[in-house]
Amino acid sequence: MIRRLIALLVSLYLGYILYSFVYVHFPFGERPLRGVAAHYVENGIKEEGATNIVTSIVTLYRGFDTLGEVTVLFLAATGLGLILAGMKREEEEKPEPTLIMETVTKHLFPLVLLFGSYIFIHGHLTPGGGFPAGVVIATGYFMMFIAQRSFTPSEYLLSATESFAGTLYVIVGLLGLALAFSFLDNVMPLGIPNRVFSAGIIPVIYIIIGFKVGSEMTGILLHLKEA
Amino acid sequence: MPYEIHGLSVYIYVGLVMLGVIFSLIRLAIGPTAPDRVVATDILTTITTVVLVVLALFFDRQIYLDVALVYAVLAFTAVVAIARFLEGGL
Amino acid sequence: MNSLILFMALGLSVVLIVGTIIIYLSKDLLVAILGSAVISLIASIFFLILQAPDVAITEAAIGAGLTTGILLYAMKKTGRYEDD
Amino acid sequence: MVGRIIGDIFLIIGGIFIFLASLGLLRMPDVYNRMQTSTKAVTLGAMSSILGVGIIHPAWLLKCILIMLFILFTNPVSAHAIGRAAYKSGVKLWKGSVCDKYGEHLEDKNE
């Protein structure tokens, strides 16, 4: 009981902080930028060619961090697979999904995959990028898991896609080391901003990340479903 | 031409939508059975999609519509998953 | 327009606080999962009000189905009601 | 300017429908009535609001129609799933209900 009371007080205090934050900072994004943020906003498009500056920060200025994040995600998926490896679900009687669910999800699934591809291909132009696109694709697979009678993607293909994408990411980084000065450097031509074929290696990296995150998340959901 | 917010209509609209959010939240809080709360969540996801589109109109940025598109495509997955859990078929 | 956005932000922060209180007070873990889904919806609107569409789209994609799915699978393996 | 006025009218209609849907969610007596009033009305309200935004900004109309189509496809599925799950998980009908076709159908199938 006392634990619940403390939790209630903490959430009310956080709510008070949120209120005061909203009042004090109200016209959001109107203050002048300082330091490294100002440099990114002023020179980002000229240096890296991406209209969406967040993506050029994530994949190029702070590219090594992103490689680390992808590794952390890979380790999480591997650990979950190891924990759930020995468990096997006993066969039980389950109510089947109805015709309505099956038909709608069957026709919606290709559109979800197309939408995920749109998000990672246009990552340097519109909001989004590799991580949300991978999660959108994995959610599409989850939709098929819950609403189809029998739908099981090949586990071997999923792990092969994931390993191949991870290797390609490192190879792109080493290409930067070989052709330019540093790991994950922008070695391809920048092109004209606001076109699809622009911003050097950002679309390439985002396509790789999209495939990797999508197959990883689908693998996690598949492990949880079958264990 | 950017969307200049003037007149009473936009204020009335935002007030109506906010009342809708508050009522759904009350049903989410008090709902006697679990399916009541799931219905309230379903209503809140649809209202959220609308609010995202209207915020894109207020800020006058077309790219904000992508976020609303994500919810329009995927938000029903959570509700269907919880419904399948309730009937025992997950 | 500024006062309108401020009004929306204040109203939605009430929703966030009430959502956390629902999660803390419920003994049924399914209700807690529903509350976290609602909180991620409202958080996505907040990120858009703070003019961070990248974070908003990530929050939308993760909160729209994936966290609910993973938590539901985990709850199915452990148990639904919290015992005192 | 004409587009602005028509769009505002669509927005207000959508807002009224969203408000009425959540009012029905609050006031109706049992799960089936709540689901039936609110999901249909909120779908109509959302589509009307988004169409209003598309009329105010004609350049956005294509994407707005896409969002409307996805809402139109997905919302009935979730309502159908909730109704079925509520019946299967044993929620009783309101005492003033007059017929129960799904229960009769299940009885027919079991015999």
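So that you can tell them apart, the chains are marked A, B, C and D in the order they are listed, and the count of residues begins at 1 in each.
Here is the rule we go by: a contact is a pair of C-beta atoms (placed from the backbone, for glycine too) under 8 Å apart; a residue touches a chain by one contact, two chains touch by 3 or more.
Just so you know, these numbers come straight off a predicted model, no measurement behind them.
> Which of the chain pairs holds the record for C-beta pairs in contact?
B-D
> Can you give the whole-Å distance between the Cα centres of subunit A and subunit D?
That gives a centre separation of 31 Å.
> Roughly how many whole angstrom separate the Cα centroids of subunit A and subunit B?
The computed centroid separation for subunit A versus subunit B comes out at 23 Å.
> Could you work out how far the Cα centre of subunit C sits from that of subunit D, in whole Å?
Centres of subunit C and subunit D (C-alpha means) sit 21 Å apart.
> Where the CA atoms of subunit B average out and where those of subunit D average out, how many Å apart are those spots?
12
> Going by the contact rule already set, what residues in subunit A reach two or more other chains?
Subunit A, residues with two or more chain partners: 95, 101, 108, 119, 127-128, 132, 136, 139, 142-143, 146.
> Would you pick out the residues of subunit B that each touch at least 2 other chains?
As it turns out, subunit B has residues touching two or more other chains at 10, 21, 34, 38, 63-64, 66-67, 69-70, 73-75, 77, 80-82, 84, 87-88, 90.
> Considering subunit D alone, which of its residues make contact with at least two other chains?
Only 74, 77, 81, 84, 88 qualify.
> Of all possible chain pairs, which ones touch?
Final set of chain pairs in contact is A-B, A-C, A-D, B-C, B-D.
> Write out the stretch or stretches of subunit C touching subunit B in their complex.
Of all residues in subunit C, those touching subunit B are 1, 4-5, 7-8, 11-12, 14-15, 18-19, 22, 28, 30-31, 33-35, 37-38, 41-42, 44-45, 48-49, 51, 53, 56-57, 60-61, 64-65, 68-69, 72-73, 75-76.
> Flag every residue of subunit A that touches subunit B in the complex, lowest number first.
94-97, 101, 108, 111-112, 115, 119, 126-128, 132, 136, 139-140, 142-143, 146-147
> Under the touch definition given earlier, write down the residues of subunit A that touch subunit C in their complex.
4, 7-8, 11-12, 14-15, 18-19, 22, 26-29, 52, 54-55, 119, 127-129, 131-133, 135-136, 138-139, 142-143, 146, 217, 220-221, 224-225, 227
> Quick one: in the complex, what on subunit A touches subunit D?
95, 98, 100-101, 104-105, 108
> If you look only at subunit B, which of its residues touch subunit A in the complex?
Those in contact with subunit A are residues 63-64, 66-67, 69-70, 73-74, 77, 80-81, 84, 87-90.
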